Structures are given as C-alpha cells and as structure tokens.
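The next part holds the structures, each set out as structure tokens.
Below, chain A partners chain B and then partners chain C, in two separate complexes.
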Partner chain A sequence: MNVGKNITRMDAAEKAAGRTKYTDDLCDKSALIIKIKHSTIAHGRVISMDTKEAEKIPGVIKVVTCFDVPKNYFPTAGHPWSTEESHQDVCDRLLLSEHVCYYGDDVAAVVAETEIAAVQAVRAIQVEYEEYPFVLDVQEAMKPEAPCIHEKYPGNILAHTNIRNGNYQKAIKEPGLIKVEGWYDTPSVQHCHIENFICFAEEKEGKIVVTSSTQIPHIVRRIVGQALGIDWGKVRIIKPYIGGGFGNKQDALYEPLCAYLSTQVGGRLVKLDVSREETFVNNRTRHAIRSHIITYLRKDGTIVANKLEAFSNQGAYASHGHAIVAKGMGCFPQLYPCPNIEADAYTIFTNRPVAGAMRGYGIPQAMFAVESHTDDIAKAVGMEPVEFRRKNLMPVGFVDGFSKNENYYDTFNQCMNKGMEYIDYDRKKKKYANQTGNIRRGVGLAVFWYNTAVYPIALESSSCRMVLNQDGTLQLQLGETEIGQGADTAFAQMAADAIGVPFESVHMVSCQDTDVTPFGTGAYASRQTYVASFSIQKTAEAFKKRILEHAHEYTGMPVSNLNLVDGNIVRTSDNRVLMSMKELAMEALYSRNHSEHITAEETADIKSNAYSFGCTVAEVEVDIALCKAKLLNIINVHDCGRLINPALAKAQVEGGMSMGIGYALSEQLIFDEKTGRALNNNLLDYKLSTFMDHPHLEVQFAENPEPTSPFGTKALGEPPVCSVAPAIRNAVLDATGVAVNQLPLNPHNLFKRFYEEGLL
Partner chain B sequence: MSVQYKLVTCTINGVERSGMVDVRASLTDMLRNDYRLTSVKKGCEVGECGACNVIIDGECFNSCIYLAVWAEGKNIRTLESLLGPNGELSDIQQAFVDETAIQCGFCSPGFIMTAVEILEAGKLYTDDELRKLLSGHLCRCTGYENILRAVKKTMYKRLGVEWTEE
Partner chain C sequence: MYDMKALYEAGSVAEAIELLQEHPQAQIIAGGSDVLVQMREGKRAGAELVSIYGLDELRGVTLEADGTIRIGSLTSFSHITKDPIIQKYINVLGEAVDMVGGPQIRNIGTIGGNTCNGVTSADSASTLFAWDAIVELTGPDGVRRISIKDFYIKAGVVDLKPAEIQTAILIPKKSYEGYQGHYIKYAMRNAMDIATTGCSVNVRLSDDKKIIEDVRIAYGVAGPIPMRAPAAEKMGNGKVVSREVIEDFSKAVLEDLHARTSWRATKEFREHLAVELAKRALTESVHLAGGEIA
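Coming up: the complex of A and B.
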C-alpha cells in the first residue's frame, strides 16, 4: 500500500537541485517585453491618450491603448463555466479599461524589445482623465449618495442573497433572552506567493500558445477564447511548475492581454512579467468582509435565534464575486445549528483593487466573525467557551439539506480535545484567570467549517488518463494541477494502489498543456485530492480490466480469478504470480497476433461533497503598554479524512497556519483615503510572517475516513488558514478581557481597543 | 539614452567567465539571462524576499540589488554549484528533500544558499539564531517549520553532534 505512507514528493529532488523550470525559466530570450500603464486615479474615464513620445523610444514595437482593444467583455473567475446563463460569471472586463475603476487600473500596454524601453514608454504615455468620486469602504459604497461604479449595479450591489430559517422576528420575542451583538472586520490581504504572476504568448501552428503561472489552465483557455473572440480550440495553455498560487492564480489574470498583444505584433513571442508591486494591486486580493452578528440565547446557553449581515468588499470588478461571501454565509446555519436564522450576504463594488479567490474562500473571514462571536456569547452567558461549543456545535449525524454533507464522526470534540491537551488549555485557563499587570497571557480556541470542492453549486468532475508503457509502468495524467501543494505525489500514491503497481511504476505527467492534458478545472476549493480520488479509482478500474483481459489471453485463467498485485498478475485462488506487468506490457504492445496500446481515460462526474473540520488552539502573551500580542504556542488539529501522505499533509497545514498567523497579527493592505492608492504594496511594508514571527507550529490530525471518497480523503489545502485568526483573537480576549474585532491584531488596532476599554 | 556595456570577468560556480553586461543590469539578470542559472529566482527585485540569494566571496547577497558590474573579480556561487561530481545532491539539498522543506520550490534555492553560508560557518547555532539567520527569506508555503529542521539536522550532522528530536 502506498496511501498513508510518507513518500517523498516526486518533484522535490529536482527543485532542490535548481533544475525545475518555472514560467520565466522557459521563456526564450527573444521575447518582446510587455509593460502596462496603470491609472493614477481611482475612478474616472480616460478622455484621451497621447502615445507619440512613447512610440519614439527606440525599441518600442507597439503601444496599445484602452481605445484599441476589442469590446469583448469577459469574466475572469476560475469557475467552471455554466451552461445556464444565470449562473455564468459576470462578464465585466475588457483587456484594457477606458472606464477606470481603481487606482492602478490598466489603461494601456507597451510591447518593446527590452524591459527598459518598455518601462520608459509606459512613463512617456500621457493620459487625460475625467475624474469621478471614488469610494473604498463597503458601508460608504452602499449609501445613496455614493458614486455608482458600474451602471448595471445600482447601489454598487453586485449581489445580495439570504437565508431564512424558522422565524427570527418571532423567536426573539421570547422573554428573558440574552442578546449579544458584534461587528467583526477583516482587512484586504494578498496571497504573496513568491513567484509573481507571469505569462508569455506566441502564435504557433495556427494557435495562440500561452505559457502561464496559473492554477487553472483549462479555464484560462476558455477565458482567452472569450476575451479575444476566437475559437477555444485555437488557444493552448501550458502550465509549468508554479511558484505558489493560493487562489490568486485561480483567475485569468493577464493571459488574455498577453495573448492579444502577441496577435498585435504578428504573433511574435511576448512576455508579461508582473512586478511584486503590481501583484499586490493588479492581481487579486482577499475580500475584506465586515460581519454583523446578533444572537439571542437562553441563560443555559441555548441559541434561540441569530442574525448575520455580511458585507464583502469586492473592489473594482466582479472576479469571483459573490461566491466568496456566499460560501461564508453558507456555514452560518450549519456550524451552530439554530432553528431561527436571518442571514444576508452582500457583495459590494468599491474602488479598491479586485478581490478574488484566496485560500479559504470566504471562510477565514466567516470564521473570524463567527468564532470571535462565539467567545463573546459564551462570555455573555458565563460559560467556558469550549463548553459552549461542545453544547452548540453541529452534532454528529447532522446533514446539510443543500449539499447533503453529513457530519459522520465526533470530529469537533476529537479535534478540540487534542488541541487543548497540547496547549494544556484547562490548566492555563485557570492559571491565567484574574491577571493584573502589564504582561498578561491567555489561551483561545476556534473551530472551522469547510466544504470540500464546489458540488452542488457548480460542476464537479475530474478526468484521468493512464497509459501503459512497454516496461509495465504507466504515465498518469489528470486535469487537476500541481501548484506546489504536492498533488502529483498524492495522485500517484492513489493510482499505484488503485491499479496494483508499485509507486515507482507511476510516472506523473506534471506540467499541463491543454492540448494534451485531460480536461480539468484545476486547483481550487481544496478539491484536488478529493475529486481526483474518484477519477483515479474509475480510470484504474477500466485500465486494470484491459490489462487482466490481456492476462487472460496469456494465462488462460478467467479474469475473475486474476488480480494485479504489486506489479504482477496474480491468480487470486492461490495468490500465485503468473506473470509480471512488464512481461504482459511487452507482449500486449509487440504481439504480432494481437497488439494493443493499453490506455484508459475516464471522467468521474462527482455528485457528493464532504465536510472538513478542525480547530486551532493558541496561547498568547500581551504587552498592554506596547499593545503587542505575541504568539507563544499554537496547534492546528484537522480531520481531512484518511491521510494520503502524512508528511505532505503536515507541511500543508504548517503553511496554512503561517498564513493564518499573518492574517491574525500583521497583514493588511492599506489604501490612501485621499487617492485610493495602495500604500504598502511591497514585501517590506506589507507584513507577512517571517521566520522570526512563528513559534513552533504543532500539527495533529483526527483521521476519520471520509465515506464518500474511494480513498477516504477530503479537503486540507485551504482549511489550515481558517481558524487561526479567531483562536488568536480569543486568546487575546482571554488575556486582557478585551474583544478586538478588527484584524489584524497589530499594535494599531490593539491600542484603539485597549484605550476604549480603559486599559491604557 | 545610450546603452553602456562593460566587460565583467568573474568566477561563477568555479569557472572563470567573461561577458559584456549592461551597466544597469542586476546580478540576477546577468546570472539568469547570460549564464542561464535559473535557480536564481526573482520574487520582488528589491531585496525583500530572498529568492535571488547567491554567495559572493563567501557571503550571501540578494543578487537583485547587486549590480552585475560589481561582480568584477568576484567568486559567485549559485545553487547549481552544490551538486556532487556525479550530479548527486549535497547534504543540505537532500535534507530539504527528506524533511519536506520544499513545496512550490520557488524560495528553496535562496534558502539553501543561506543554509550553505550558515553551515560553512562551522558553528552550532541555537534555534533562535537559526531563525534570525534565515529570516531574510520569505516562504508562503511551508511555515518555515521543515526548513528549520532541514538546516538544523544538517548542521548537527556536519558538526558530528548527536541530533535529538525535541
């Protein structure tokens, strides 16, 4: 068996040797360089553009302005396309924008022989704008007097959906109820993968070939086709190894523009390499979401009714749009089931950079609100927060009516118990009660809810191809993409077991090429291992059947008495090895009587989904005078089903915890109120966690096999980031008695709250 | 604007090299574009992320903020130099593989070169010291946990000090 083993990831040695080629490493030196002219206003219209000086610069090949590009409005979200028009993504993008919607919007592009010429030309372009008022905050953007950013969306509301269960208004009239209310605010943050987005394009063999650092090659092919108004089959996307994505590259970023510019210079090779500063502003960010929660409960801690309003800051264009806050709202009636619920989610356009997918997809924001609020309610009714959770969390056997997801195990208690034991929660909770003085410690806990994959909201399918080699080994291909998380290794482990061959016999075709790779929607929603488990199992069955039918020809044994075990054809009745895969494969291909190239390709149409749960427990030390929270100890405990590769799973969790710690304590994109310009769009002023900012990251698992997956697996990629921030916030509350409801918990925000509460 | 070129002669991974470089070019550009040493990565190009780190005369530098012309007469080592005579991984590279310290791999070359500098110091550093020495590098995938263990294990091994898992 290979599943469950710590097999070294198949790409590690090559990466350690420095031989792995990423997008830029593959681009020929002959490439022309693209640079983009970004707007210096947050909202308005380009009236005119003077490109004469730019065109005179030696080496400049072409200047393209917002007036030149085709008027094919296209969507950018990395969602599977929907054949129902009402479910299709919003088509609100052009290759370049005449209507400027955020500070930094793309208004022109230069193609030049060298980077320096391109940069000089961008500077030389003169743009005349008509300026409009702009708005950065969601509540401001919803006011009647706010500037309307997109005509089609009055009030700047991209979407508003709601949930109504029971009768909230009636339920809250019950006498003697305790009301707890809170506002919880999360900032705009960025993915900060170390490889910036980059792509290059050229026309070759009648197609536009784009090599791109993307999570979603097949989706990008469709979007490039839509944006350029050409047949999708004329677009070929190649995805090499990529230096991280975390959701930012789950959008068509600049592939359509790059492809278009190639067509404007006679199909020549053009490269678009965005800078770190552009990555922060001109790619995607995490939605800043402001949540308002009201809970009514009885003195014994029973939740009677609750209400949520969540306002999601979409920024300038729709991208993934309402899906993010809608996913967050979706967990609300499930995590702490309550008979009477009113929940409303709003996605609001503002003149900030565009928000899109980012690790957790709305759940880190939702968990910050819900799990912070949970500690607030527990405090209000005088219950220990963990005891409150044990009483009110989703019970075993709970089934969600929409997704049909079921809570099969006592996962929450298992995870909380492990986390509390590691932190020594109960003892410390008592020890830290009634502290005085400047330095105070506290412990906090938060759980999370996460839905694996996107069924039933959108298409969930996975395709797999297995091709037998003459030596009895096989090449394995999937539409699901390796983006650094180690998916390829997990796929090969599952495939080896499903077929019955050693791990070494499975050769993964890692880098994707839409001309070659089976169709797949890509890496997102922590779906990879889950959805691939279905297609691998299904394809392996078909593959094995063909192999055993050949074995029957050679051995005379009925297929029903044959099996494939560890690379050998075995007679099941006495476990005798009849022939090796190598012998069979050679004969199958080179036989003069019956030659066959044994392959299998299947699509699994997935009609199930799986809950993925876990928790974070944290211990902090707060210096009240310095308004500084220091993380002393932290543990994440996850139930992601059966672990396919424990070492890789643990590494995934550590990375997610790191991102969560940054979200909790230091990360935020700051915008100038006067201009709308991002003020800290670089890795010096934007504080993502460094080596110095972490204590040891403890990771444990509660391994309960997921019954719907052939390999018992479910989501792990995004969940690790979801519960970290509220656990740290709750630890600060435990230490100081102060609820800080604005992330990040940096000195700036702690000062405000400590001052309000009279600590300073 | 007139483009100025200058001849730069330096030792790269043990071999003396000479070439004309644009005086405005960074060492990252020269190593990547002229010598195709693509382990030298670009993550920010302003010395914030550490992905372009190389060793110059025994000391680590972010090559993106080191002008190519400053390389004149210098001894430069990139990740490509670490492989053994038969192409085998060095101990520190193998440790990164064994400890699952590599995910997307984009920050790995820079990290490994700083690890080489740390190991060549021949000192037994504490965890806190190691964290500080490695803090010039950003990684978004790993949470740094396995990187610390890979460096620490190799340091203990090279110094012949027994390793005990805490």
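Coming up: the complex of A and C.
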C-alpha cells in the first residue's frame, strides 16, 4: 500500500536542484514585454490619453488604451461555469478600464522589445481623468450619500443574503438572558506567493496559446475565450509548475489581456510579468470582513439566540464576490447550533483593490469573529472557554440540511484534547490566572469549521486518464493541478493503490495543457485530493478491467479469478503470480494477433461533501509597554480524514499556520485616505511574518477516515489558516484581559487597546 | 533589468574621484542594496553609475596609533559585526548593524552606503550619532573630517561635495573609552524590517559604578534624520544611578524629539516608544558598564 506512507514528493529532487522550469523559465527570450499603465486616481473616468511620446520610444511596438479594447464584459472568478444564467459569475471586467474603479486600475498597456522601453513608455503616457469621489470602507459605502461605483448595484451592494432559523426576536424576550455583543474586524491582506503572477502568449496553429502561472487552466481557457469573444477551442492554456497561488491564481488575472495583446502584434510572443507591487494591488486580496455578532444566552451557558451581520469589502470588481462571506455565514448556524438565528451577509463594492479567493475563502474572517466572540461569551457567563465549547459545539451526529455533511466522529473534542495536552493548557491557564507586571503570558484556543470542495453549491467533477506503457508502467493525467502542495504525489499514491502497481510505476503528467489534459476545474476549495480520489478510483477500475481482460487472453483464467497486485497479474484463488504487468503490456501493444493501446478515461461526478474540522491552541507572551505579543508555542490539530501522505499533510499545515500567524499579528494592506492608493504594497512595508517571528509549528492529526470518499480523505489545503488568528487573539485576552477585535494584533492596535483599557 | 545609462568601475579612490569629476551627474554605487532598489522604482531611471565596490582599500576595521577606530566605508555589516576590534570596543555597533534586513543584505550592504543614503532609519546611524562618530570624506581637494551630526543635512541629503566619496567612519578613543552601549531596534517583525524607532544609548560610569559620568542617547526615526536628545543627556549626567533617574532621563527625551503621525505609526505611539526604549537601553547600558540600579 502506498496511501498513508511518507513517500518523497515526486518533484522534490528537481526543485531542490533548481532544475524545475516555471513559467518565466519556459518563455523564449524573444518575447516582447508587456507593461501596464495604472490609474493614479481611485475612481473616475479616462477622458483622453496621449500616447504619442510613448510610441516614439525606441523599442516600443504597440500602445493599447482602454478605448481600443473590445467591449466583451467577462467574469474573472475561478468558479466552474454555470449553465444557469442566475448562477453565473458577474461579468464586469474589460481588458482595460475606461471607468476607473480603484487606484491602480489598468488603463493602458505597452508592448515593447525590452522591459526598459516598456517601462519608459508607460511613464510617457499622459492620461486625463474625470475624477469622482471614492470610498474605501464598507459602512461608508453603504451610506446613501456614498458614491455609487457600479450603476447596476445601487448602494454598492453586490449581494445580500440571509438565514432565518426559529424566531430570534421572540427568543430574546426570555427573562434573565445575558446579552453579549461584539464587532470583529479583519483587514485586506494578500496571498504573497513567492512567484508573482506571470504569463506569456502567442498565436500558433490557429490558436492563441497562453502559458500561465495559474491554479485553474481549464477555467482560464473559458474566460480567455469569453474576454476575446472567440471559440474556447481556439484557446490553449498551459500550466507548468507554479510558485504558489493560495487562491490569488484562482482567478483569471492577466491571461485575457496578454492573449489579446498577442493578437494586436501579429500573434507574436508577448510576456506579462507582474511585479510584487502590482501583485498586491492589481491581482486579488482577501476580503476585509467586519462582523457584528449578538448572542443571548442563559446563565448556564446555553445559547438561546444568535445574530450575525457580516459586511464584506469586495473592492472594485465582483471577482469571487458574495461566495466568500456567504460561506462564512453558512457555517454560523452549524458550528454552535442554536434554535433561533438571524444572519445577514452583505458584499459591498468599494474603491479598494479587488478581493477574490484566498486560502480559507471567508472562513478565517468568520472564525476570527465567531471564535473571538465565543471567548467573549464564555467570559461573560464565567465559563472556561474550552468548557463552553465542549457544551455548545456541533454535536456528533449533526447533519447539515443543505450539504448533508455529517459530523461522524467526536472530532472537536479529540482535536482540542490533543492541542491542550501539547500546550499544557489546563496547568498554564491556572498559572497565568492572576498576573501583574509588564510581561504577561496567556493561552488561547479556537476551533474551525470547514468543508470540502463546492458541492452542492456548484459543479464538482473530476476527470482522469491512465495510459499503459510498454514496460507495464502508466502515465497518469488529471485536470487537478499541482500548485506546490504535493497534489501530484498524493494522486500517484492513490492511483498506485487503486490499480495495484508500485508507486514507481505511476508516471504523473504534472503539466496541464488544455489541448490534451482531461477536463478539471483546478486547485481550489481544498477539493483536489477529495474529488480526484473519486476519478482515480473510477478510472483505475476501468483500467484494471481492461488489463485483466487481456490477462484472461494470455492466462486462460477467468477475469473473476484475476487481480493486479503490486504490478503482477495474480490468480486470486492461490495468489500465484501468473505474469508481470510488463509482460502483459509488451504483448498487448506489440501482439500481431490482437494489439491494443490500453487506456482508461473517466469522469467522476461528485455528489457529496465532507466536514473538515480542527483547532489551534496558542501560548503568547505580551510585553505590555512595548505593545508586542510574542507567540511562544502553537499547535494545529486537524481531522482531514485518512492521511494520504502524512509528511505532505504536515507541511501543508505548517504553511497554513505561518499564513495564520501573519494574519494574526502583522499583515494588513493600508490605504491612503486622501487618494485611495495602497501605501504598503511591497514586502518591506507589508509585514509578512518571517522565520524569526515563528516558534516551532506543532502539527498533529485526529485521523478519522471520511466515509464518503474512496481513500477516506477530505479537505486540508485551506483549513490550517482558519483558526490561528482567533487562538492568538484569545491567548492575548487570557494574558492581559484585553479583547482585541481588530486584526492584526500588531503593536499599533495593541497600543490603542492597552491605552483604552488603562494598561498604559 | 535596470534602466542604467552607464557603469564606470573605479580601481582606486583617486580614479573614483576622477570618474565623478568626468561624470558629474553620476551616482556612486557600493553594495547597491539601496541604489539598485531606487533604480528599480524608477527614481534614478537612466542614471550613470560610478562603482566603488572594487576598492578593497576601503574595507576593514583598524585601530589607529591614537586609538581611533577606523571603519572603511565599504566594510559590510556582517564584517563589522564579526570584527574583533568592534567587538572589543564598541560591540553595540556590531549588534546594531546585525539587525539590518537579512543575512544577504548584511553581506552586501556597507556602512558607508548606509550613512550616505541619508535616511533616518539606518540601523548604523543612531549608534554612530551616539558615539560621536567622525565621517572621513575624500575629494579632489583632499581629505576632510566632519562630525556625523554635520554630515546629515536633511532627509536623504548628506554633506557630500561634488566628486567626493566617503572613505571611512572614525570613532575617536575619547568617544568610546570607558563607555558601554546598547541599541534597541523597534520594528514590526524580527527580521527583514526597518526600524519604527531605533534607540542607541551609551554610558560611562564613575569608578565606583554609582554615578553616571556621561550618557549619550540617539534615535533613528524620531525626526527626519538621526538625532541626539541633549536635554535628556544633560539631565542624566552626573546623577546617581537609580530607577528614578532612569525614569526622568527617559521622559526628558521628548523635549528634543519631533515625532509625527504617519501611516507607519502615530505620534503618540512613537513618543510612548521613545520613552520606553530610552529606559530599556539606558538600563541595559548601565548593566553592561557594571552598574547596579537601586
């Protein structure tokens, strides 16, 4: 068996040796260079553009302005397309914007022979704007006097949905209830994957071919087709290895513009390499979400009624839109079930950079609000926060009416127990109870809710192809993408077991090329190991059946008495090896009597989903006078079902924890109130945490096999980031008695709160 | 790709001066960790560069006959930190420059570049201010030496005359003999960051370790250029070491600082930090000098 083993990832040696080719390595040096002219206003309209000086610069081939591009409005979100119009993504983008919606919006593009000429030309373009008022904050944007950013969306409301369970208004009238109310605010942050977005495009063999650092090649093919108004079959997207995505590359970013610009220079090869500064502003960010929660409970800690209002800052364009805050709201009635709930989620356009998908997809924001609030509630009723959770968390056997997800195991308690044991929670909780002085320590815990993939909200399918080689090995292809997480290795492990061959016999075709790769929607929603397991299992069964049918020809044994074990054809009645896969494959392909190219290709249409739960426990030391919270110890515990590759699973969790630590303590994009410009869109001023800011990252698992999937697996990609920030916030609360409800818990926010609470 | 008109590499200090005279618009480049970043941002697009990076004569730390510590301007941060003369006499400077950026920057970045860049946040600068460092400048008219306080004119502007290059930083014996110092870099993360505020203190105690004979304190990012806090120094000098004196000294720094609110930090937070860091840096300096705080 290969599943469950720490098999070295198949791309490790090449990556460690520096031989792996990423998008920029693959681009021919003859490529023309694209640079984009960005707006210097946050909201308005381009009146005119003077490109004469830019065009005179030696090496400049073409200047394209917002007035030149086709008026094909297209969506960018990396969602599966919906054939129902009402479920389709909002088509609000053009290749370049005449109507400027944020500071830095794309108004023109230059194609030049060198990067320097392109940069000089961008600088030489003169733009005349008509300026409109702009708005950056959600609450401000909802006011009647706020500027309306998109005509179709009065009040700047992209969407508003709600949940009504029971009767909240009636329930809160019960005498003697304790009311706990809080506002919880999260900032705009960015993914900061190491490889900035990059793509190159050319016209070849009657198609437009785009090589792109993307998570979602098949979706990008559709969007490029939509944006250029051409047949989707004329678009070919190639996805090589990529240096991280974390959701930013779950959007069509600049592939449509790059493809279009190639068509404007005679189909020549053009490259668009985004700078780090542009990555912060012109790609996607995490939605800043402000949540207002009111809870009514009895003195014994029973929750009677719950109210949530969540306001999600969409930024300038719809991108993934309301899906993010809706996911966050969706978990609200499930995590701490309560009979009377009123929940409202709003997604609001502002003139900030566009928010899209980012690891956790609304859940890190929701967990910061809900799990901070949970500690506030526990404090208000005088209960130990973990005891409060044990009493009120989703019980074993809980089934969600919509997704039909079921909480099969006592996962929450298992995870909390492991985390608390590692941190020595109970002893430290007592030890830190009555601290005075400048240095104080505290422990905090937060759980998270997550689910796997997007069923039943959207399409969930996965396709797989297996091709037998002459030597008895196979090539394996999937639409699901390797984006640094180790997906290829996990796929190959599952395929080896499903077919009955050694791991080494599975040759993964890592690169997706939409001309040849089976259809798949790509890396997002922590879906791939789950959904691919279905298509791998199904394809392996078909593949194996063909092989065994051939084996019947050579061995005379009925298929029912044959099996494939470790790369051999075995007679099941006595486990005798009858022939090897290599012998079979050579014969099958080269036989003069019956030659057959043995392949299998299947699509699994997935109609299930799975909960994925866990927790973070953190210990901090706060230097009150320095307004600094130092993370001393931290552990994440996950139940992601059966571990396909424990070492890769652990690495995935460590990465997510690191991201969560930055979210908790240091990261935020800051905008100039006067202009709307991002002030810190670089890695010096945007405080991504470093190795020096991390303690040891402890990772443990509660391994409960998921009943719905072939290998017992479920989501792990995004969950690790979801509970880190509230656990750290709760630890700071434990240490100082101060609730900090605004992320990040950086010195600026701690200074403000410690000052307000009289600690300074 | 850098938008660079020309690069001239000097083989000696004299040649560097000649090249700068021939190309008066040229920008001097040493390690490049500031200049190349500025060029990438488009601030020096199309620049001519005169590289002095190959001038090994400007590298290294030496002790002159009169006890002056001479730090060649091209000495990298990592070499300063590991230098035995620095470690023996002014270890705090080695500690301060060990907080610049990350290891790669500390290997390429030079103390000359750090000071000639003229920014208030330079990790070397506040410590050099606190040690009354002398800047040696070599130009067509020969060598001149000025105090670091006079070298900094305003944000981003230092007293480099046409065709002049900085050749050394000097710490006179009287500045360091008998002193112990401590630098605190306050930043938002523990590596790869610039200081929100940097505070460098050094102190000379009486033989019985009970009296502060001389205390010096300098800040980075408390004004447009690095600066001393003379009122606090005056207040501390001659006092008996005590918790109260340290408190009073720390509060007195605000008399000289000009903190302001920017998106990087509010005035209130900067002032709070200035006082807190003064307290901690003086306390640590007194400990290093063998004093006990009553």
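Note that in this section the second predicted complex is superposed on the first by the 760 of 760 C-alpha atoms of A that agree within 3 Å, B and C clash if a C-alpha of one lies under 4 Å from a C-alpha of the other, contacts with A are read in each partner's own complex, and residues count from 1 in each chain.
Convention: a contact is a pair of C-beta atoms (placed from the backbone, for glycine too) under 8 Å apart; a residue touches a chain by one contact, two chains touch by 3 or more.
Every value quoted in this text rests on a predicted model; they were computed, and no experiment measured them.
*Asks:* Regarding the shared-chain residue A:399, is it in contact with chain B (first), chain C (second), both, or neither?
*Replies:* neither
*Asks:* For A:747 in the superposed arrangement: first (chain B), second (chain C), both or neither?
*Replies:* In the superposition, A:747 touches chain C alone.
*Asks:* Does chain B (first) or chain C (second) touch A:626, or do both, or does neither?
*Replies:* Only chain C; A:626 stays clear of chain B.
*Asks:* In the superposed arrangement, which partner chain does A:116 touch: chain B (first), chain C (second), both, or neither?
*Replies:* In the superposition, A:116 contacts both chain B and chain C.
*Asks:* For the three-chain arrangement built by superposition, which of chain B and chain C touches the greater number of chain A residues?
*Replies:* B
*Asks:* For A:760, using the defined touch cut-off, is the partner it touches chain B, chain C, both, or neither? Pick first, second, both or neither.
*Replies:* Second partner only.
*Asks:* Does the superposition put A:670 against chain B (first), chain C (second), both, or neither?
*Replies:* It touches chain C, and chain B stays clear.
*Asks:* Could you look at A:577 and tell me whether it touches chain B, chain C, both or neither (first, second, both, neither)?
*Replies:* neither
*Asks:* Is A:13 touching anything from chain B or chain C once the two structures are fitted on A? First, second, both or neither.
*Replies:* In the superposition, A:13 contacts chain B only.
*Asks:* Examine A:47 and indicate which partner it touches, taking first as chain B and second as chain C; both and neither are also allowed.
*Replies:* Neither: A:47 stays clear of chain B and chain C.
*Asks:* Taking the two structures together, which residues of chain A meet both chain B and chain C?
*Replies:* 116, 120, 683-684, 689-692
*Asks:* Given the complex with chain A, which residues does chain C contribute to the contact?
*Replies:* 1, 3, 42, 45, 102, 186, 188-194, 196, 263-266, 268-269, 272-273, 276
*Asks:* Could you list, by residue number, the parts of chain B that touch chain A in their complex?
*Replies:* 1, 24, 32-33, 37-39, 41-46, 48-49, 51, 78-80, 83, 89, 93-94, 96-98, 100, 102-109, 112, 131-132, 134-135, 137-148
*Asks:* Name, in rising order, each residue of chain A that touches chain C in their complex.
*Replies:* 114-116, 119-120, 123, 625-627, 666, 670, 672, 679-680, 683-685, 687, 689-693, 746-748, 751, 755, 760
*Asks:* Would you tell me which residues of chain A are touching chain B in their complex?
*Replies:* Within the complex, chain A touches chain B at residues 8-9, 11-13, 15-22, 24-25, 29, 116, 120, 191-196, 241-244, 246, 275-276, 483-486, 647-648, 650-652, 654-659, 682-684, 688-692, 694, 696-697.
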